[in-house]
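Mind having a look at this structure? Questions to follow.
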Amino acid sequence: MSDMVELTGQSLAAALDGLEKGRFSSVELTRAHLDAVEALNPTLNAYITVTAEQALTQAAEADAVRARGEAGLLCGAPVAIKDLFCTEGVRTTAASRILSNFVPPYESTVTAQMKRDGAVSLGKTNLDEFAMGSSNMTSAFGAVQNPWRRRGDDSPLVPGGSSGGSASAVAARIALAATGTDTGGSIRQPASFCGIAGIKPTYGRCSRWGTVAFASSLDQAGPLARTVEDCAILLRSMAGFDPKDSTSVDVAVPDFRAAVGRSVKGMRIGIPAEYRAPGMPEEIERWWQQGIAWLRDAGCEIVDVSLPHTRYGLATYYIVAPAECSSNLARYDGVRFGERVEADSLDALYERSRAAGFGDEVKRRILIGTYVLSSGYYDAYYLKAQKVRSLILRDFTEAFGRVDALLTPTAPSAAFGLGEKMSDPVTMYLNDIFTVPASMAGVPGMSVPVGLDSAGLPLGLQLIGRPFDEETLFALGSALEKAAGFDHLPALRAGAVA
Amino acid sequence: MSYVIEGSTGPWELVIGLEVHAQVVSRAKLFSGASATFGGEPNSHVSLVDAAFPGMLPVINAECVAQAVRTGLGLDARINLVSRFDRKNYFYADLPPGYQISQFTHPIVGSGKVDIELADGTRREIGVTRLHLEQDAGKSVHDQDPTRSFIDLNRAGVALMEIVSEPDMRSPEEAGAYVRKLRMIMRYLGTCDGNMEEGSLRADVNVSVRKAGEPFRTRCEIKNVNSIRFVMQAIEVEARRQVEIWESGGVVDQETRLFDPHRGETRSMRSKEDAHDYRYFPDPDLLPLVLEQGWVDSLRSALPELPDAKRARFVAEYGIPDYDSSVLVAEQATAEFYETVARGRDGRLASNWVVGELFAALNRTGKTISTSPVTAEALGGLLDLIKDGTINGRIAKDVFEVMVETGEAADAIVERKGLRQVVDTGAIDSAIESVLAANADKLAEYRSGKEKLFVFFVGQTMKAMKGKGNPALINERLAHLLKAD
Amino acid sequence: MSLDAATIRRIARLARLGVGEAEIERLQTELGHIIGWVEQLGELDLDGVEPIAGVGHAALRLRADEVTDGDRVEAVLSNAPGRAGPFYAVPKVVE
């Protein structure tokens, strides 16, 4: 087997199986992906940095390791890394001008674990600057294109964000799978827009050490892949207790893959009434009902639940996340790393370096965060948001007293056009209306592609689970996946004529 | 009697509160594994956490927490079993993350107290509001280049305890006594070495003045004063400055000032137009710090005896005057030295020798108690020779001088130099007889009533015996022989 | 809702973000709109609700007091845009 389309078109699970059975080598598999990257990335702009040479070296090494019978979980699998994970000796930009020349002398815990397990890194994927955005339009390295097109319309669409480069790359088959991070929906929403699966695990499941911080109390790493099973394989490698992260939780990492395909019979699935956005396309409601029907058919018990503070999630998020980011991004000051604009006083150096180094959306959030924490406003905004956050958490805790998981739409729309929704920040923020509450509560959420809308664009449904019960999400996700039989392909993909 | 500044409108009282920053004694920094040791090549005691590289995260050092708790216990303070870390946000060249991790709303230690004593023996209790843990900043070097400042992050992230007092002090002397006492307690506890030259202890001094009976007036904060003498000077000059302002009809602005010891004045810090707004909020990289009462109790039971308790015990156990005791406990090493000498011996004699001969010898030789040429055991050996009558007190001083010079043991010196005291009454009697014979005129005066000459005969006899006569025996025999004649 | 220009200047200064005069008006509208929108939280009665800073599932873990890092001056300085020997260099700071 050496045909590029076959090599790039398979799932991560199938690729690992093929490697193990010796049907192809990691070098062949990696080269096929690198060729596809070369063909498609100029259009998609999914990668900021392609590390072809390093990938081939790692692939050769993986082949040798496998030949010795020492293959790890991901041995020889070419994957992509969101350019928010620091990678030793490989430029890490967070898609920001201010870090455009930053080469970390260290490796993030998540990517170090993947390396340990033999993963081959194809390169660093594009994202919204510092992971702030839902369209990938805010990257200093240019927008990413969604490989999907509306039927009969060739105009480019956004991949969602902030893990838009990862989602686009996986959907277009120029990576078997990819890492993402999710602060308010940055794995789930792009997964939904690009017709792939993605999971934001429980807060504390994956180490944040070495990952560029956006909002520390919310940031979680997770996988994006074409199947639920592939997500399970990748998450097992990414997850795990890390003493270097004080918020990392010391619990065992289960074999998530074993939960894939497990019976969901008798599980109680909550349907929260509040997950209906004003003006939400009727098709989304329809796919949601379809998902409910599939799970009922699979033996689940469907329960109506209420999470009354859902509608305040987004406003709460847009206080908490900017507050944390305003502080987290203070370190980008042109002194120890990153871009500097010279000036003759230190304050002027700070102001110019930061003015030149950050894009508009990042600046907006820094300013909002500074405002809500500033003297005289703290109680009115930040403290209030902390209280609402506790109510949101309580909503979930109460719901999980009655049900095993929740089923909701992932996003209030399908992918939209490049450059749309840019005129008003709040309109853009509404993309995350269904994903933000689980982030605020720190509970795991997964997006599974279930069907296409009338324009031929993919839509996903979201499963939300109890803390550290990702296994239930993998079981339910694979049940939805199986029922949906989602086998549609994007217009742009490896081997297909663009 | 109480301290006031006499102004043209009458006396002014001072109101002083201190925020002391004390560097925690620990191997590694508060939130990183880099060394907390003073010095080192620039930027060598620095981890990527301290330099705030992207994605770096803080993990707290258990020993720094224990040291803060020990200090709190030493200040008789409430230990908060749940505390929290906040970020204090501001930009500065030696503050890499753009925030200092500190404890704002929930400090690890709550209210406590420090007892101070003034030169005239007055004792006062100074309230401690709180103690919290926070990170030190790095160092900016301004004098190596005409246009640039250089940044060394070796100190960035080293653990500090900020100890905030109540505005309870009323004179420079009280403030000095407070810092000295705080330093003594922390040295006893081993939680801060108190080395002000290396910056291990710095004080922010809050000063205001008022007329007797008034509520507080506006205060100024004098930042980062790094010696006790400067603390006292800064308070004095700042209070005088404020008195002058009030008396000339002006208004004191609440502001941060610097003390310039060369000019002997305080001046306003430049950046004051940049009103600080630190935007404190809970550090989302850290969870609440939760202590177990049992752990706190185990630290409490392992605390060393503190200076006040030791001072009282020395008085009770060794029968020495309170003043001597206070001198002996001022340094833990001195107290230990003293106790080694005094244990099983005459406590007063031991105290006289340590405070008298030993301190004088240390002064003269430029040594400290821990580098003393005479060990506590050796000094004890000397006192034993006095006690058992081998030598008398006069000879002991000579022997001690030899000990300081050679480090030899007292008994060896006594043997080698033949300094053993003469207790043979025959030898004493013959010495007395020859003294009386040689001073017939004096003897006649004595007999005619000039009894004071008794002391003269004692001295002459001792001299004749080269100082080795037992003074009590000489007295006894002389009285006997004078009567007998 | 619109934030006044002085507020924009004040927070931009606190955040050390250089903001040109031309940007101020745009930021007044944009930030004002966002702030106005998040004020919907004012609808809620939050009396007696305990604020939470995160969803941490545990208390802080303590690490042992051991020197495990440091002596890596080159790594520390490897990305510095301004450097003088073993130091970071910045424009002269006047205290």
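Labels A, B and C are assigned to the chains in the order they are written; within every chain, residues are numbered from 1.
Note that a residue touches a chain if its C-beta (ideal position, glycine included) is under 8 Å from a C-beta of that chain, and two chains touch if they have at least 3 such contacts.
The UniProt protein names, listed by chain, are A = Glutamyl-tRNA(Gln) amidotransferase subunit A; B = Aspartyl/glutamyl-tRNA(Asn/Gln) amidotransferase subunit B; C = Aspartyl/glutamyl-tRNA(Asn/Gln) amidotransferase subunit C.
As the structure is a prediction and not an experimental result, all values here were calculated from the model.
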>> Going by the touch criterion at the top, tell me which pair is linked by more C-beta contacts: B-C or A-C.
In response: A-C
> From the centre of subunit C, which chain's CA centre is farthest?
Replying inline: B
> Using the average of all C-alpha atoms in each chain as its centre, how far is it in Å between subunit A and subunit B?
Replying inline: 58
> Between subunit B and subunit C, what is the gap in Å from one C-alpha centre to the other?
Replying inline: 41
>> Distance between subunit A and subunit C based on Cα centroids, please, to the nearest Å.
In response: 24
> Using the touch rule from the top of the page, what residues of subunit B touch 2 or more other chains?
Replying inline: 48, 51, 59-60, 91, 93, 147, 149, 151, 277, 279, 281, 284, 286-287
> Which subunit A residues reach two or more other chains?
Replying inline: 102, 105-106, 216-217, 243, 246-247, 326, 330, 333, 335-337, 344, 346-347, 350, 370, 374
> Among the residues of subunit C, which ones contact at least 2 other chains?
Replying inline: 14, 16, 53-54, 56, 58, 60-61, 63, 72, 75-76, 82, 88, 90-91, 93
> subunit B touches which residues of subunit C in the complex?
Replying inline: 13-14, 16, 53-54, 56, 58-73, 75-77, 82, 84-95
> Within the complex, which stretch of subunit A touches subunit C?
Replying inline: 101-103, 105-106, 203-204, 216-217, 243, 246-247, 249-250, 309, 312, 315-316, 318-319, 326, 330, 333-340, 342-352, 354-356, 358, 363-364, 366-368, 370-372, 374, 381, 383-391, 393, 424-426, 440-442, 467
>> Under the stated contact criterion, what part of subunit C meets subunit A in this complex?
In response: 3, 7-8, 10-12, 14-20, 27, 30-31, 33-35, 37-42, 44, 46, 49-58, 60-61, 63, 72, 75-76, 78-82, 88, 90-91, 93
> What residues of subunit B sit close enough to touch subunit A in their complex?
Replying inline: 48, 51-60, 87, 89, 91, 93, 96-99, 147, 149, 151, 277, 279-281, 284-287
> Of all residues in subunit A, which touch subunit B in the complex?
Replying inline: 85-86, 92, 94, 99, 102, 104-106, 108, 208-213, 215-217, 243-247, 323-324, 326-327, 330-331, 333, 335-337, 344, 346-347, 350, 370, 373-375, 378, 382
